[in-house]
Structure formats: structure tokens, C-alpha cells
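Order of writing sets the chain letters: A, B, C and D. Residues in each chain are counted from 1.
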Amino acid sequence: MLTFARASVAALLVLSLAGSAAFAADPPPLKIGMITTLSTAGGYLGEDMRDGFQLAIDEEHGKLGGVPVQVIVEDDGLKPANGKQIASKFLLQDKIQLFTGIIYSNVALQVVPDVVEAGAFYVSPNSGPSQLAGKGCNKNFFVVSWQNDTPHEATGQYAQYLGIKKMVVVAPNYTTGKDAINGFKRTYHGQIVEEIYTALDQTDYSAELARIRAANADGIYYFLPGGLGISFLKQFTQAGLKKTMKVVLPEFSLENHVIGAVGNDAEDLYGTAHWLEDLPFAANKKFVTEYIGKYHREPTPYASQGYDTAKLIASALRAVNGDLSKADAFRAALRKADFQSTRGAFKFGPNQYPIQDWYSMKVVRDPKTQKLQLRGVGKIMRDTGDVYSGACKMT
Amino acid sequence: MTLALLIALPPLAAVLDQPFWVNTVTRILILALAAVSLDLIVGYGGLVSFGHAAYFAVGGYTIAVLAQHGIDAALIAWPAAVVAAAVLAAIVGTLSLRTTGIFFIMITLAFAQMVFFTLVAVKAWGGNDGLPLDARSVLPLVNLRDPNALYFVCLGLLLAFVALAAQLVESRFGMVLRGARSSERRMLALGFPTFRYKLVAFVVAGAGAGLAGALWAEYARFVSTDMASWTRSGEFLVMVILGGLGSLVGAIYGAAVLLGLESFLAGFTEHWMLLLGAILLVVVLFAKRGLYGWLAGANDG
Amino acid sequence: MSLAIEQILNGLQFGVMIFLLAAGLTLVFGIMGVINLAHGSLYMLGAFVAASAAGRGAPFVLAVLAGAGAAALAGVVMELVVIRRLYRREHLDQVLATFALILIANDGVAIAWGKTPVRMDVPGALTGAVTFAGLTYPTYRLLLIAAGLAVAAGLYVLISRTRLGMLIRAGATHRETVAALGVDIAKLNTIVFALGALLAGVAGALLAPILAVQVGMGEQILILTFVAIVVGGLGSIRGAFIGALLVGLVDTLGRAYIPVLLKPVAAPALADSLGGGLSAIAIYVLMAIVLVWKPRGLFPVGSR
Amino acid sequence: MADTVLAVRGLRKAFGALVVSDDVALEVRTGECHALIGPNGAGKTTLLAQLAGEVAPDAGTIRFGDRDVTRLGPDARARLGIARSFQITTIVADFTAEDNVALAVQARAATSMRFWRSAARDAALRDPARAALVRVGLGPRANTRASDLAHGEQRLLELAIALAQEPAVLLLDEPMAGLGHDESRAMIALLREIKPAVAMLLIEHDMQAVAELADRVTVLVAGHAIASGSYETIRTDPRVREAYLGDDG
């Protein structure tokens, strides 16, 4: 009998442990559920996004749009199943109606349908999967960052603009990688002499680099997120290939973390981005100064996206005075995108994905500090949405 | 009493307005099913498979791919998932069971990795984005859309599998399997073709994981490649070891505690992995027979 | 032709680096019977400490030594606190305990260094490339090959010519005999474990300039290392060496040639992605084939 | 029909340069005990392993009745009726004594691919198992965990398992090893009792036991059968005295 008693005590304990986080605090503040990736190798992306988001709240001393908010952050560990579990906890137990935070599309694809089906809102700071952009769009789903293909379309456009005749393209052998290459091809019309797919957990790229050398191209584009891209760039430079090829990258492979990790190897790289540290808008200057002041590190696109997401939410919360039960009004306010984005002009397309400008950029050495910096070069695409929005029939 | 608690949970959750409990426990039940099936071969057959996630994934993907082609009758899809996983297990088992010890661990991992990379690369099945199910399968008389109904289906199938496995290990077949774990030479000398027994156990375990995968697809209405990842295989093993080897029921506790801890710690601190690691370390160093050994009040000796 | 040679060099370089990890792992298994999943964490630590030291202005050699030393020190602590308690336990307990160590190490490193990848440069003198026989090859990669082979040779001498090596060899097959010789087995274990950790640290420090130094880097290479020692036969340094080279070569040449070979027989888009998929699983296929053919690896050791 | 149950011809096995069986020939007949003696490292256990099918010979044939079993695995040979005991006790440690014997009974049955009925309550297994235990004097210890049995009891359990297989040939690898005087006496008495029904091959260092049990003795030295004959003939054979008995004094 004792054993049964112990067993059930243990079972109860587990349940209450799992749930106890929920008993911690009661409203007044409006709860925002942030499911993001904080652990694993991709953890720094979630960290930046979260910190950018928090910065906007700190500006208002714990409020967004005048409404007191409490952000509940939980780490999905880059596992879609965990993200889903956290979402149902937030929905069912914490009764959260407003979600954000997910970095990776495979997590978002599992979580977002659950959230919007429950009538809650999801505002995406970093993931705009095609599946949710066209036929699968939803009135409660907003993307602040970009549609997943667009950064690659911009990069293709830039490669085209730079007059590169022969390109090698590289991406991991998974759906996101293939989508990226398709996006690139949509705007780049030169010759792609070699298309290379790498493994997801690869650390050594020597075999690929030899193939690249043999291909005799004059430019390379790669989509290798996070550490993959860092390893690749270091080895690419090592192999002496940078001398003969122009490197044109999407923003994921060329941001301040990457530059910090690869050092001089980043010099003279080309890239595209929807946000840059040196964009001359007042909102951006304020964000960059405050971010560096508070976190003592350079901001990244992820950080700016977190910040913009919070600002968008703030604008809509102000419109309904924090009352999310006025769902239609809140949605309408979100759609208006009435906020000062760090990237300048910002509006939503019919599928509630952004329509925005894309910039070309280059890594240059600051003559005074000798530090490598990402500098905007010009606009490469103007008021650009995505190719899927036509298929979206918003109800 | 634990069982009574499990049966009473949905009404209790309704009364206390905690629908999340049902959701959480459904998840635990499904993963526990996979863990129990793993315990069947690890705990009783001494076959440490580090690729159990592969069968889990194949079960899940069978459901999702069938649904993609418009087949949503659970009575067709679920058995198909079980059979698909069993067939894979039969192939892997046939090739792997000649090896023992860490070699067996690694060869099962190798096959699971092949499954993983295949799923990642096949675009028709969603690749790394995964594959959503528009709706849950249809079961006669039971509405799987109701979380409580799904809960009881999962609970029932878990109990049925535990009963089946318990019966199996006590049967003549099970005696041979357990005998081979402790002394394969003896079993051969007695005239048992142990390979066949181990293979049957391996296939049954694979089928169990396939069923769990199918239920997971229904529960999550989504399948993704992380179902087949080696970390998922590792988690199943952790559940089994945590619960206590060779106790079947222990694997359920193992699953509950691991998932509960993960969920609690992640809600509690960003550095939950550090705490989880420390707790696992303490358990493995000091509770030698797993949680089940502790719960059963047995001496660690 | 020179491309083929380059690819073989690439495979060799990858192989010897895997060997640095495999040697320690296989020694620890051979002598103590412990499966140490946390071996990759020591490699990660070596990389982080080396990068930190270099970032603070330490010369390259010193930075590598710092990384190796830190890993060895961590190895000693790990052995004394945890591994020691696992010698007589089942493999499964060892797997769980060292898995827990991975979680602790990853989060610990994230707390100490942050989550952002850390920078370490290739030392200035080695940034270029060497040209010989019509082939241009990065100097630093040549250094890696040389360093890896030197360590392998050093290990060979250590194992075959020294008293410690004699004890290690004896310990792998006749534990009781070694104990009967009056050797302090506990101390021998600590030394061997520290040696394995040191090698892992060296690998981490040497690779830090060409890899992303980040949390989780240990697990990426851990599986490859296990494949190498299993293919070679557990507990055998020679097996680990051959296994590591095989894994390095198969992985590299697979990535180099499978997509190319597929091009004539499949549509280009399919050939590229199918080729990528096949080369990703090439080493697993290699391991499965070896184990189906020789269930105890290519160079099985004694009876365990 | 001649009584020869097991016949070995020209058996050869080498591990690298080490020849462990060198052109060995021997026969075992029903009702007869054939003892295999020789100094340590002579290849006795490896020879037995080849007879049982655990080690494949390089050359030569092993016939069981009129069937060539040289290429059969250990389990197939066991099913034909070749049983063995192990030098180092090899029982299922966490089963009870009765479970261990029941497994042997089960092995004799047509199939063990039975998944439903509990084996623990299966009278068809339990009754013969208990009988075999009673026969070796372990009746009262039937429900004791095998690992909790004393060493002598474990040796008896080994024998009970072999008996329960109802073999035609019984290969015994040092059944007296580690037994005390009284235990040895009991074991010898037991083996004498079962001898008439089986063909017995006995590896043994205990010369007293060999003298009492063996009808024929083969001496193996360095893998080579140097002499074969009755115990008395062997005892007086000068080659054997030199190679083997001489050592013992």
C-alpha cells in the first residue's frame, strides 16, 4: 500500500510541478506568451529577440502602449514538440491570448495553428513560413520580420546587381535550405554553376570548398544559419577563395554575431538586410543607442525584430486599451501597423506579412577604430512583399 | 491508485478548470507508450536500442502521409502505422542483432540517423518543416477531437500495451528472452535460436513505438523530423533508465518525471538544462534501480 | 587529379582530428569500460578556453596549450567526481550520467561565455596556402594534419614503449593482473582519463580557428567519433586511428563525389539534393556495413 | 545399429599459430562415459566447444548418429540432443532454480514462441523441472534465486538443466570443479546413475572421478590425442605418464 501511496504522491507532485509556474502571478498585467529558442546552438538568436522586445517594454517602464504587460518567456529548445507543449500550457492554463517569440519555422509551423485556432493572436518576430503566407494565412497571424523567401530574393537581386556572372549556391539539405535557394534563383538570372547541399550538423566544409574551387565561379551565395555559416566562412577564407569570388549573403549569415565570431574573415562581404544598424531613422537611432547601453553588445536584426514586434503590439494595445476581448478592434489596429519601425516604412500586405524596403550592405573597416562594420550601401528592393500573398483569402 | 487518479483526471481537470492537465498527461501517456516498448527490449532483452525514435517517427509519418492522401480512418491508418514501424524494425533488427553491447547501440543509432536524414530531405513529406494533419483520424463511436476522448484512447492503448508486454515477458517466449539477456550462451546450449526471439521482441517493441508515433500524430496533428532525432531516442532511453529497467510500469513514471521536470524547469529558469542535468546525475548515481525501485520501496542493496 | 588529391587530404585532415577525440574515448572505454558521452564537452571546453586565451592576446601555441590544459583539468575533476562512481555500473547508467554531464557542460559554458559564438583567428603566419605539385592547400589544414599525425605517433610511442603504456595495454585486457602488480588502479584511471581529455582539448583548440566555437559543438562531432571507434573496434588505439581515417575519408569523399556521380543519372535538382542526403548518411551506411560484416568492428580487442 | 552416438574425425582448429585441435578423433557411445583428460591448455574446452557447436572447426567432421552436424550451430545441435554443462557456471542468475530448469524443459518442447500463457504457471514445464531438481537433490531449493545458491548447488543445477534436456549426448565440462569432497562424491554417484541412458563426454581434472566414471579415456596434449583406452591402460601408458600424469606425481 505504501508503494501506491508513494507513487500517487509522486504523480501529483509532477503534475503540480508542471503547473505551478502558472499559480505564481495573477493579473493585473496583460500576459504575453513568448515561446522562443534560448538553449542549443541557436540560443543566441532567441536571446537577442527577447532582449529587443524587453527593451521596448523597459522604455515604457513595464508597459506596452500604456498597458502593463508581463512577458512569460519559455525556451522551446528548438524542438517543435516542446513549443507546442508550451503553447498549450500558455493557452489552457495561463489563458494567454497574445503570443510571440518563435525563431525557427519548424517550431512556428507546429505552434501557430494551435494558437490561432484557439482564437488567440500570434505576432511573429522572426519566422514567416510560406505555408502560412498563402492559402494557409490566418487573420490572427502577423509577421513582423519577412516572408522566409524574401531575404534570399533580395540577395539574388543584389548578386544580379553586382553583375556576378557565375554563382555557386550552398544551403543545408533541408526544406528551408531548398526554399532559400529557390528564393535566390527567383531574382538572380545569371548562371548557377554549382548547387551544393550540406548536412545539417556539418562542421567541416573542405570537400565542398574543393568543389567550389573547381567550379570556377566568380561569386557565392550561401544560406547557412548560425554556427554553420561561421564555420563555412572561416574555412572559405582559409582556402583563399575570397580572393577570387564575391560573397553575397542573406542577413542571417551576415550580422554582428557572425562578424564577431569570424573577425577579419568578414571583410569585404556583401549582403542584404531589411534592417541595418546605421539606418538613419530616429526610431532606429534610439533603439541602437538604448540597446548597446543596456546589453553592452551590438544589436542584430533579431534584436530589431523583437523591438519592432513589441512596438507593433504596443500600438495595437493602445488602440483597445489592453482589452484583447475586442479581438476585431485589436486585429484592425495591428493591421494598421501604426508604429515607428526601426527599419523605416513598414506596412502589412494582404496576408499580414510585411511590405518593406530591402537594403544592400557591405562589411567595411571603420577608418578610425579599425573595427569591421556592416554599412548600408543602398536600397536593393522597394516596398516588397512576397509571392504567396495572392493565394491568401483572409476570412 | 495511480490508475484511479489517471481515470479521474479529465473530470477533475474539468471541475478545477485545468484543461491543460489533460493535454499534458496525454502527451506523457503517448511518450510513455514508446518508453514502455523500449523497456521491453532494453529491460528484458538487454537490447539497448539507441534508435527507437525511428519507429516512433515512422508510425507518425504513416498517419500523416496517409492523411495527405485522404485516408483518415483510424482503423486503417493506425494498424498501417504499426505495421510500417514493425517492418522497419524487422529489417533493422535482422541486420543489427548479430552485434551486442555498444556495437548494437551504435548500429541502431546508425539506422535511425538514416531515417532522420531521409525524412529531412524528402520534400513531399514536408522535410524539416514537418507535415501537418488537417484533422484527427476518424474512429467509430469515438470523437477524437474531444481531448478527453483522445486522452482515454491513449490511456487505454497504453494499458493494453503494458498488459500485453507484461504477459509477453512472463510467457515461454519471455522466459527465453530474459534468459538470453543474462546468458545467451546458455540459451543457445539449450537449443533456443535466440536470434529469432530477440528479433520478435525487437519487432514488437518497434510496433509499440509505431503506435505511440501514430497517437502522437493524432495528438499533435503534426509530424516533424525531430520525432526521429537521436536526441529523441536518447530521451526514450532516459525515461526507461530513470523509471528503472525491466519494470514496464517504471518507464511510465520515467516518462512522467522527465517531461514534468523539463516542463517545470523550463518555466522556472532559462538554464533549466543545467538543473535537469544535475538532477539526472544525482538520480543515476544514488538511486540504482531507478524511480520504480525507489517507489516500490525496494532496497538498493 | 589534383582535385582528387586535395579531397583525400581533406579527408585525412578531418580523420586525424576525429582521431584526437576517438583516441581518448576508446582508451577510456578500453581501460575503464566507461562510455563517456561527455567527451565532446571536453572538446568544447578546449575550444572555448583556447579562443578566450587567444582573444586576450596569448600567442597561438600558448592558447592551444591553455585549451588542452583546461580540458585535462576538467577531465580530472570529471573523473574524480562522477566517472569514478560509474566503473562498476551498467553501460546504461553511464550513458545517462554522462548525458547529464553534457547538459550541465553546455549550460555551464553558455553561462560562462554567453550564447554567441566566440572568435578565434588562424595565427597570422598560417593564414596562407601552400602550393606544391600543382595543388594549392591551406597552410593551417596542413598543420592540422601534421599535428594530428604527430599526436598519433606520440600516442603510439607512449602506448608501446613506456611503462604507463604497458599498464594501459595490460589494463585493457587484464585488469586484475595490473592490480596484482601493485599498481594504483584508481590513479591509473585518472591519468588515462586526463590523457583522453587532454587530446579532446587539443582537438578543440586546434579546430577553434576554423569552426564556429559555440555551445553544442561537442555533440556534432561526438557521434562521428563514436562511429569511428565502433568501426575500428572498441578499446583499440589502432582501430580508432583506422576508424577515424575511414570516417574522415568516407564523409569527405562522399560529400565531394556522390552528388557529382549522381549528376549523369538523375535530374540536376534531384541529383543535388539526393546527393546531399546520401552523403549525409554515408558514414552511417559505412558503420552499418562494417558491423553487419564484423559485429565487433574491424580490430576487435580481447574479450569484453 | 552401432551404439556410437557422437563420432569425431580429423578435427582441426587453430587460432592463428596456436593449434588447439590437431587431427582429433574420438567416439562416444550410449551408456558409456568417455573422459577427456590433459594438462591445462591442452585444448579440452575448445574441443568441447566444437562438439557443442560454439566454435567452428577448420577441418574434420562431427557426426551425430548418422547425421553430419559439423556445420550446425549450438542451438540446432542442442535440439538434436547434444547437451552440455559449462565449466564456469552459466545459469540465468536472476531466475529461480526451477525457472532455469523449466527453460530446459521448454527447449525440448515443440515451440517456445508462445506469447500468452504465463510460463510460471505452466504445469507442462513445472512438473518435469521440479522432477529434475529433485533428482539432483535440489528439490527444497526450487524457488531460490539461482544467484543465491551455493557454488556446489549451482553445479548441481547445471546438471539438472542438462538432465532436463533429456539429451542423447551429454558434454560435461569439469562438473567437479570447485566442489568439496562430499559434494564430489554425490556428483559422481549422480553421474553414475544417469550414465546408462546417455552417451557422456567428460572433461575432468579429478582423477578419482575419472577412474570411477570413465569407460574410456582420451588424453589430449597440445591439441593432439596422444592416447586412448581404458583408464588402466592410460594410467600405465608411458607417453601419458610423461606428458601428463608425471606432472601430478
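One rule holds in what follows: contacts are C-beta pairs under 8 Å (C-beta built on N, C-alpha and C of every residue); 3 or more make two chains touch, one makes a residue touch a chain.
The structure presented is a predicted model; accordingly, all values stated were derived computationally and were not measured.
Engineer: Can you list every chain in contact with both chain A and chain C?
Structural biologist: B
Engineer: Farthest chain from chain A, going by mean C-alpha coordinates, please.
Structural biologist: So the farthest one, by centre of C-alpha atoms, is D.
Engineer: Would you mind pulling out the distance in Å between where the CA atoms of chain B average out and where those of chain C do?
Structural biologist: Whole-Å distance between the two chain centres: 31.
Engineer: If you average the Cα atoms of chain A and of chain D to get two centres, how far apart are those centres in Å?
Structural biologist: One centre to the other, that is 72 Å.
Engineer: Report the inter-chain centroid distance for chain C and chain D in whole angstrom, where each centroid is the mean of the CA atoms.
Structural biologist: 47
Engineer: Taking each chain's centre as its mean C-alpha position, how far apart are chain B and chain D in Å?
Structural biologist: Using C-alpha averages as centres, the distance is 43 Å.
Engineer: Would you please write down the residue numbers of chain A that are in contact with two or more other chains?
Structural biologist: 38-39, 173, 178, 199-200
Engineer: Where in chain D do residues touch two or more of the other chains?
Structural biologist: As it turns out, chain D has no residue touching two or more other chains.
Engineer: Two-or-more-chain contact residues of chain B, please, as numbers and ranges.
Structural biologist: Residues 117, 120-121, 123, 273 of chain B touch two or more partner chains.
Engineer: Mind listing each pair of touching chains for me?
Structural biologist: Touching chain pairs, listed by label, come out as A-B, A-C, B-C, B-D.
Engineer: Across the complex, what residues on chain C touch chain B?
Structural biologist: Listed in rising order, the residues of chain C that touch chain B are 29, 35, 82, 85, 89, 91-93, 95-97, 99-104, 106-108, 110-111, 223, 226-227, 230, 234, 273-274, 276-277, 280-281, 284-285, 287-288, 291-292, 295-297.
Engineer: Please name which positions on chain B make contact with chain A in the complex.
Structural biologist: 1-2, 5, 18-21, 23-25, 27, 117, 120-121, 123, 126-130, 132, 220-222, 224-227, 253, 256-257, 259-264, 266-268, 270, 272-273, 291, 295-297
Engineer: Which positions of chain B touch chain D when the two form their complex?
Structural biologist: On the chain B side, the touching residues are 167-168, 170-176, 178-179, 182-183, 185-194, 196-197, 200.
Engineer: Tell me, which parts of chain C touch chain A in their complex?
Structural biologist: For this pair, the touching residues of chain C are 3, 6-7, 10-11, 13-14, 106-107, 110, 114-119, 121-122, 127-129, 136, 138, 140-141, 207, 209-217, 220-221, 223, 251-256, 259-260, 268-269, 272-273, 275-277, 279-280.
Engineer: So in the complex, which bits of chain B are touching chain C?
Structural biologist: Residues in contact with chain C: 42, 48, 95-96, 98-103, 105-107, 109-111, 113-114, 117-118, 120-121, 123, 230, 234, 237-238, 241-242, 245, 271, 273-274, 276-281, 284-285, 288.
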